[in-house]
Structure formats: structure tokens, C-alpha cells
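This is the structure, below, for whatever I ask next.
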Amino acid sequence: METPPGILVRDLSLHFGGVTVFEGLSFEIAAQKFTALLGPSGVGKTTLLRIIAGLEAPATGGVAATDRAPLAGRIAYMAQQDFLLPWASALRNVMLGATLRGARPEPERALHLLERVGLGAQAHALPQTLSGGMRQRVALARTLYEDRPIVLMDEPFSALDSITRLKIQNLAAELLAGRTVLLITHDPLEACRLGHALFVLSGAPARLSEPLHVPGPPPRAADDIALLQTQGALMRTLTEAAAP
Amino acid sequence: MRGARPATTFLVFLALWWLAARYSSVPPFMLPPPGDVAVALWTQRGLLLANTLVTLAEILLGLLCGTLLGGIAALGIVFSPVLQRWLMPVLVVSQAIPVFALAPLMVLWFGFGMVAKIIMAMLVIFFPVTANFADGLRRTPPGWLDLARTMNASPYAMLRHIRLPAALPAFASGLRVATAIAPIGAIIGEWAGASSGLGYIMLNANARIQTALMFAALFILAALTVALYVLVDRLLRRLLYWAPDTTGG
Amino acid sequence: AMPQKFTVLLDWFVNPDHGPLFAAKYIGAYARAGLDVALIAPTDPDLPPRLLAAGKADVALSYQTQLYLLVDQGLPVRRIGTLIDKPLNTLTALGGRGITTLHDLKGKKIGYSIAGVEEVLIGTMLKSVGLALSDVTLVNVNFNLVSALQSHAVDAVIGTYRTYEDIQLAQAGLNPVIFLPEDYGVPPSDELIMLANLKALDNPALPKFIAAVKEGADYLALHGDAVLAQFLKDNPSLNDRLDIASWHALPGAFAADPAKLDAARYTRYRDFMFAAGLIKKSLPLDTYAVEIKA
Amino acid sequence: MRGARPATTFLVFLALWWLAARYSSVPPFMLPPPGDVAVALWTQRGLLLANTLVTLAEILLGLLCGTLLGGIAALGIVFSPVLQRWLMPVLVVSQAIPVFALAPLMVLWFGFGMVAKIIMAMLVIFFPVTANFADGLRRTPPGWLDLARTMNASPYAMLRHIRLPAALPAFASGLRVATAIAPIGAIIGEWAGASSGLGYIMLNANARIQTALMFAALFILAALTVALYVLVDRLLRRLLYWAPDTTGG
Amino acid sequence: METPPGILVRDLSLHFGGVTVFEGLSFEIAAQKFTALLGPSGVGKTTLLRIIAGLEAPATGGVAATDRAPLAGRIAYMAQQDFLLPWASALRNVMLGATLRGARPEPERALHLLERVGLGAQAHALPQTLSGGMRQRVALARTLYEDRPIVLMDEPFSALDSITRLKIQNLAAELLAGRTVLLITHDPLEACRLGHALFVLSGAPARLSEPLHVPGPPPRAADDIALLQTQGALMRTLTEAAAP
């Protein structure tokens, strides 16, 4: 795999109807690191991720890779909803990218990923027979299958129970190590376990907080001292962000 | 017991027909009793069979070509706003032209062979397919398309693997309508000029006031239509194993 | 007294063939006979006899060739009068395309519009010049007679009227080559006849109606142009070269005495139909046609 | 500038027509040049206007009744498996019966008036509406129905507030098809027995070989059809403000 | 409002294809208390809730109210997906129950609920213009609007950021106090803050753990000692449940 680049966001503005979501927003996402993005509901996290993925056009500003090559084609994107295709089995949903690119699907790799997310037995099940958390894990496996240098994930573990969530976090940390990852999450612990840098998006128009940096390689133990300290700092930032 | 239900339907239908022919004020030269029609079916079986095959071929070819054409037109409409602007009015107008206005041109260009009839059948069939399919393609959930975009899908792959299957339920609706009207399309084709086919038999029998024979041909046509419809419906339901079906309450 | 409602189903759209019926209306002959006549045009010539048989009209227009088929199938109808007592049907080819005699049709395509008897007519005509039906290809062109001929999709058509399509072809400079069925072994027949329901043959309005039609026919013969003017005023869409020419070609064809039944002609045509297998039974003349006496 | 685009379309269409009539091998009695048709339009304007109004009334009434009937039939089919079993074959067969077979009965029962024509138009229209609407109703997302059930919704309320709006896109597809074929439905109705209307004029002109008049009537019919379609399409798009529309790539 | 009854679940069995989800499962949900249900993804929590709501028919066994009156009509149900009607504004979605019952809608109450969940400004927005968390809050407002003695909620706060989540938990505790509430959640802290009794569902066929009881009225402070102790015990139960 090529060396994953960082992402430069410059002077972003966006309006929905009369509402200004972003106004002159600039920041950088470090290459080959996990960056976690938190913030109140409706602040614009999903919108920001969609702009980076090239799915939403900003009114001004733009997004570029630090290596100056185009971003398109180097991003794997996991949306807030699972968007599984109802007519395809879990396995075929995981391999959707290959199918769409006309590449040779690799069922072994897809099956292996499904097994890693705990769904080896459900490989041939249709999405509508899966539980909410199972669907989310299929969507995660689909994102991991893409094997891209940049990975954007929008609340990827929100429907998972705490134990499964820890396991899947570990899996993500393992498989995405060395890539440029931007992860939206509502779980401060999750942000602290996985993130090298944590950003909080807040306000209208939305602004980014100063990043918090967590030492040590992810995934970190939930009782790691540094982690608990950062979690405290993060909670303070979030609480401040929530206060108008 | 498989087949018991259609058989009952059929018998009830025969009984109703018989009652209507027997006790209503409709004279037999407008609605002959089932017995007369059965006799015509049997005595004219050779004639009817040969002409049924002709019409069946027209129906199937018309359905095939009409569906293909409708599919292509729908794709054109959905993917090119320019085409939508130019094609759609033409397609709509094409639905409003009566046979007798079109027939001379058809005859001029295609003669009285199979081609003219298949074209007429196509003309009747393709619009429901086009309109439904285009609506279906237009209504692809945007989330799937976004996903496909981040996966670098070519427009063709997106069409093939996302839009087409997603539009399948709408396409199925169109195809169901097309199947139900394909037979009348073929008959209209024969009407514009033909020397064989069930429509020809009916026209001929009608002119000779051989009402029983006309109803025999009509009966075959109806049976053919229902059989074709049931077949296509089953096929479509099988293809749509994944779509919700919340019939009944 | 209130005029009696009297429904007449024409054979087809209003056209110059119906001249005497309209003339009678314009000169008030129906009103004098105590009839309130409604002339209704169907869009399909097959409809009027059936509706008449179903009791939906007092009189319906049809063709003598059709009469035998109707009676043979048990429709309770009888010919009670004649509007046009000449055959108008022709077999027509275009000039300059190598067809000058019937014999030239060997191996050619002949188009027809289904009315039930064409195959027999063509067969009879061909036989008179030593050909058989198998020597030609028959194509049903339904409502495309003229355009099929003009576009050369067929080489000849049967079912064109000498007072209509043939005139049109001539007007278009296409020099139609016209073969008259009665010149080639087909017995002559009345073109346009009036039918009544068997059960209503004693309807006293029938003779009154026929007498009024005769008045119309007589008036038309003398004052054709006056009637035409009124006719065109009532039917503005007929105001064109072809219909006017047709109007002027028709007078000789209208029956001078609509009630009169030419028994020999009706018997001969019945025998012709029976011999051709178009009817299953050869019934006495009065099962087909009657003469209504006042 | 509003209206500029339709005007261009129209002019291009006229130009194409003129070129086809002028330079193709199609003789003028099959395709008269636009000029002749314009003359016919003008000289026969009274006749055409009167008959256009008749046909327009038939189209609108046929569309109204056909849509209502189609809606009712769809509801019956979706809510009662018994009705589905009995009604659907009848509806399918009704689509396969040619006018000339039905016309005698229609005229016998309803005479030559408006009623027979509207019934024929309905017969043409209602099937696409029924089939599409039934398919749409069948495909209500089950989650919404579950939600409604826990809210103690009566079957009627569920229909009115969940199933109907959810089926609206499918219904719209059906109504679009119905709108496009309503005019031909009315024409077919006029064929089955009429003494007025554009179809009558056309049949008459066709029989009288008055090609220019026939094309004038056809032109009006086509314009009427497109106008009606555009109107219904706009209305439906407005009603479906909430449905995804992912046209173009 | 009538006195909310408890719920008796007796001898429940259910199979999906060849898979046995429940086999002879019996338990009781206490009247007028918050009961939290946790468990691994795909174990059958949603299915259980749907059975209680009368949306899924079990193969054997049944569900009854402790007061012996029928359950139907006394339950408000919030599913795992929001199921907002796309053609209706947030406000009209909140009032859907009234519309469906032919009752007079109460826009003031609905608007008040929307304000309480922080969406007063979005009352007239269509669902497709709302963020994931916003949609979930509309669905919650719709459930609260129903004002039923029994409330079933399937991961109702999963798409909310931690600060908003605390606020909305408080709101739910306030508005649902005294009702019989069954709440599926993946967040042990949430379960401990809100639940009087906590159950863990696990295994195949699924079995319920012995309930954990949390003292004191909800919502409890996140640093309450009793809460933290229960949370520890809960985590142990969950970890045991996850181990086969």
C-alpha cells in the first residue's frame, strides 16, 4: 500500500438553506494517525466527513491530501447508516467495492473479515435477517475490505454492546494501524482508546477545538492512566462546547 | 392440491358466462353461450392453433423488444437531462397516436409482415416499462449511490449493481402492466393489416358474424394473457425475494 | 300528434351514399310522415345489423352481400328496402404498373379489407379468366386500402368503391385500372340496403319511412345541387373535392323505388353465396328479403 | 425565459416534420406537410374545437373514473387475498379484449353516447393505475406499519396516513402512464361508437382520405396529451417533494 | 393515567429458520420501574421487545400484564431505527400517534417535547434534513408524546453525543417516572443511571441473568458510588455473558 497522506482542510464554508454550518473552517488531519472527532448532535460532523469524502460540495474552500495527489479513490467511507444492499448476502455486501470496481472479488478475505467481526456464521444471510449491531459490523467489514490508505468512519460502533465494541475497536486499531483514519464517535472512552488526536467540533458555525493528544499506540487499555486523564480533559472540552 | 384454485376460478367464470348468456337480455350473436364456443374451439382447432402460434410469437417478440426499448429509453431519460427533455414528449405523443393513423406509415415502411405487428405491439408496451423503470431508477436511495461513489464505481457499475437492482420493484410494476397489454398490442398490430393471427381470425369471424368462432379466439387470447401474466408475475416475485411484501391488513 | 321516434343506423360515417336519406330530411318528408327520424352514424359497419337485431333501432343500413351472412347466423333481420341498387365495389390496380387485365394479377398481391366475402369475390373473378386464388397472395390491409395500393405494398385491392376511392385515385393522377366484379362472374347485387328487425316487420312506420326515402330520392334526382349545399352545411368536414365528386357520381346508383325487391337478383346472389360455401343453408327468399307494402 | 424551451422543442419538431414531408419518400397522403395541416387547422377550426372539447371531456372523465376505479381495485387486491385471487385475472383479461369484440356489447348497453366512451377509456386507463398502486401499497416498509400498530392505528388510519403516502411514488408512476394513455383510451372509446370527438373526426377523415384534416386532429390530440402529461407530472412532482430524486449520473 | 402494570413473560420460544432464539424463557418486568436490558449484539433483545410489543408472534408462550388487562394499546414502542415518515415534518412525526388514532393532535405539547429534546428550531424540518442524532431525538419525542403506561425503547440514545445523552436521559427519567419502562441499551453507565433493575440477555437460546438492582431514584449522578459499584458488577456479568 502507498504511504497514507494527511488531509488538509482549508477555508471550508457551507450553508443549508439559511443555516451556516461551516464558515472558513481550516484544519489538518495527521497522516497515518487515528483522529477522533466528537461534538454535539447536529453540529456538522457527518457533513464534514461527507465533504472530505467528496460527497458534499462546500460553498467555499476545499480538501486536499498532504501529498498533493487527488484524494478521490483513496478513501474508504463508512456512513452513519449501514446502507447494506438488501438483495445481497452479508458476504456480497462486504465485497461490494470489488464488484463495483470490476475487480476480482476475494471471498476468502471477505469471509475472514466477517469472521473477525464475529459474523462468520452469517456470511450468507440477507441484511434484513440481521440485528442492528450485526448490520453495523457487516458495514465495518465492508469498509475494512476496501483496504484504503484513508478511512473515514461515522459512528462505526454505535450499535454495538460494550464488550463487542471493545473487541471490534481492537480489531479496527489492528487493521487500520498506519493509515490515516478519521473517526466520528460519541463515546469519549472510544475516542481515547483509539485516537492519536481528538478534536471537538462545536458551535454554529462549527469550530474545531485545539486537538487533545493521547500518548501511546492504540488500542489503549481502558484503565490506562494517560487515557483516563485525557478522558477527563475531553469531557471538560465537551462540556464547555455544550455550554453556549 | 396444486391447480385446484385456478380450476375453481375457471369453473366459476364458465358458470357466470353461461348464466349471462342464458338469462340476460344479451342476444347470442353478441355473447354466445360457452357450449357454442367450446364446439367452435374443437371444430376449428387446427385453424385456431396455427393462428395462436402466430399471435403468441408476436406477443413474445413484442414484449421482448418493447421491454428492451423501454429499458433503454428509461436509461436515456434518467441519465441525460437533454434526452429527457427531447425524448419524453415524443414518447408521450407516441402513446396518443391511434392505429389507423399510424398504420399507413407502418405499411409503407414495414409492409404487412411480422415486423409491422411487432412494432405496433412494442409501441403499446414500451411506455409503461419506460415510465415505471425511469421512475424507479430516479428513486435510488442516495446513500447507496454515495457509497458506490466512494468505492470508485464507474457509472456503468453503479447502474448495474446499485441502480438496476434498486429499480427492480418499479421495473416489475411496469413489466406487469406491459405483460397484461402485450396481447392487445399484438392484436392491434394484426388489426392494421395481417393475414394470420388471432386478431385476424377475430376480425374475420366478426365480419362473417361467426360469433362463436370469434369468442373462441377471444377465449384463447384471454387464456394466453392470464397464463403469460401469471408466469411473469411468478418470475418477478422470485426476482424480488428481498423486497418487502406487506400484503393484507 | 307527436311525431314518432324512428332510429336509423347508417352503415358508416355520414357520406354522399346517404344522399336520399338526408334529402328526405331536408324536404320534411319524415315530418310529413309523422316520423322523428334520427340518423346515427356508427364507426364500424359491423355494428348496425347487430344493434338492429338487438332491438336498438328501427332500421339499419347494410349491404346485400352481408345480408346472407346475417341471416345464415340467425340474426332476426330482413331487407326491407334498397338505397343503392348497383354494386359499387371494384378490384383496382394502379395504372402504369403492368396490370391492364385481370390475368396480369397472376403472382401478385391483392389487398382487402375484411368484410367476409372478399376471398370468394376475388376467387370468382380470377376463375373467370382462368386463374385460381392460389395464383395470388391475399393480404388483409383493413383500413389501409388506398394507402396500401399507393405505397405499392400490394398490387391491387378489392373493396374500393367506384364512387369513392376510385375517384380519389383518379384525382391523384394515378390512373386506376378498375375491374368490376359483375363483369367477371360475380352476380350483381344491391350495394346499400335497409334492414328491419324481423319482429317489427309489421311496424306501420316502416312503409311510411320508405315512402319518405323515395320522396328524398326523387327530390335528389331533380335538385341534387340544392341538397348538396344543405348537406355540406350540415357536414362541413365533407366539403372537399373528393366528396363533392362522389356526390355527383352517385345519382345513377340510387334506387328509384327503394321498396322494390328484385327477387331474381336476390335469389341469384343467394345461390352464389351458397355455392361458394359462405352460407350453410339455402333458405327461401322471404327469409332474407321482403317488400314492404304500405 | 419561461416557455423558451418548449417553444424550441416545438419549432424543432415542426422543422423535422417539414423536412420529412418534403424530402423523404413518404407521400403527402400519408404524411402531409405542416403547411397543409395548418390550413386544415384553421379552416376547420370550428369543427375541431367542438370535437376537441368532447374528447377532452372524455379524457378527463375517463382519467378520473379510471384512477378512482384503479385505486379501489388496488386497495381491494392488497387488502383481500380473496379479491386478489378473483379480481386480478378478470382485470388482466379485461386488458386483452379488443374494441371490436367489446363494442357491440358496449353500444348495446350504453348506446352511442358519452357513457360507452368513458367506460372504454376507463378500461384502458385503470389497469396501469391498479397494478402500480397495488405494488406500491404492497411495498410499504414494515417498520412503519409496526410503528402504526403499536399506536393502535385502525386499518383505515394506517392506510390513510402510512400506506397511501408511502405508495404515492408508485401511484405516481401509474398515474403518469395512465395520463399518457388516457387520450388513446378516449379515442378507442369513440371508435366503439360515437358521433363526435377527435377520434371520430380522425376515423372519418381517414375514411374520407382527408389526410390533412386527420393530421390536424392528430396534432391537437398530441398537443393535448403532452399538455396533460406535463400538468400531471408537475403536480405529482410537487406532491412527492419528499421522495429522493437522483437523476443524472 | 391508569396505574402502569408490570409485564409477565412466560415460557417464550422463538425460532428463525433453524436458529433457536428463545426456548422456554420466563421473567417478569416490575411495574412502574425502569428495567434495563443489555446483552451481546444479535442475542435477541430487539426480538424480545418486539414480542412484548405484540409485533412478533412467539412459537410458544406469551406476554401478559400483571393487572390481567390486555397489553395492546397501552404500550409506546421506540424501535432501533427511527422510522420517521419522510413526508411529514418533525412536529407531525411527533404527533403521528394522535393522527393515526383519529385523536385531536396537540401541537403545543408536541412542540414542547421537541423543545425539551433540543429541537424546537427544527419543528418544521423534514426528517431528511436532520442529522442522525436529531432524528433519534424526534423519534424519542414521538414516543414520549404517546403518554403510555408502558414504554419500550430499543437503544433510544445510541446516536447521541455524551453530553446530549446525559440531558436526554434526565429528560426520559423525569417524563417516564412511575411508568413501566423497558430499555435496551449498550451503555452500562446508561443502564446504571436509569435502571431500577438490570438484566443481561445472553447465550443461544438466550437466557436472562439474575437482575442487578440499583438503589436510589433515576437519573443517578454518573459519579454516584452505588452506581459505580453496580456498573462494576454489570461489567462482570457482561464479560461472563460474552465468554462462551
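In this document, chain identifiers A, B, C, D and E correspond to the written order of the chains, with residue numbering beginning at 1 in each.
Simple rule for what comes next: a residue touches a chain if its C-beta (ideal position, glycine included) is under 8 Å from a C-beta of that chain, and two chains touch if they have at least 3 such contacts.
Note that the structure is predicted; figures quoted are calculated from it, not measured.
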Labels of chains that are neighbours to chain D and to chain E: none
Centroid-based (C-alpha) most distant chain relative to chain A: C
Size of the rotation, in steps of 5 degrees, that lays the CA trace of chain B over chain D: 180
Separation of chain B from chain E, taking each centre as the mean of its C-alpha atoms, in whole Å: 50
For chain B paired with chain D, centre-to-centre distance based on mean C-alpha positions, whole Å: 17
Between chain C and chain B, distance of the C-alpha-averaged centres to the nearest whole Å: 37
Distance between the centres, which are taken as Cα means, of chain B and chain A, whole angstrom: 50
Residues of chain A touching at least two other chains: 81
For chain C, residues that touch 2 or more chains besides their own: 46, 50, 54, 143, 147, 151
Chain B, residues touching no fewer than two other chains: 26, 30, 100, 104, 108, 141, 191, 203, 206, 243
Which pairs of chains touch, using the document's own definition: A-B, A-E, B-C, B-D, C-D, D-E
Touching residues (chain side chain A, partner chain E) in the complex: 16, 38-42, 45-46, 80-81, 118, 129-134, 137, 155, 158-165, 186-188, 235, 238-239, 241-242
Complex contacts: residues of chain E adjacent to chain D: 50, 53-55, 72-73, 75-77, 79, 81, 83, 85-87, 96-97, 99-102, 126, 128, 146
Residues of chain D touching chain C in the complex: 27, 29-30, 44, 46-47, 100, 103-104, 107-108, 111-112, 190-195, 200-201, 203-210, 213
Of chain D, residues touching chain E in the complex: 141, 143-144, 146-154, 157-158, 161-162, 165, 168, 241-243
Touching residues on chain C, where the partner in the complex is chain D: 12-13, 15, 40-44, 46-47, 50-51, 54, 56, 143, 146-147, 150-151, 165, 168, 172, 236-238, 240, 242-243
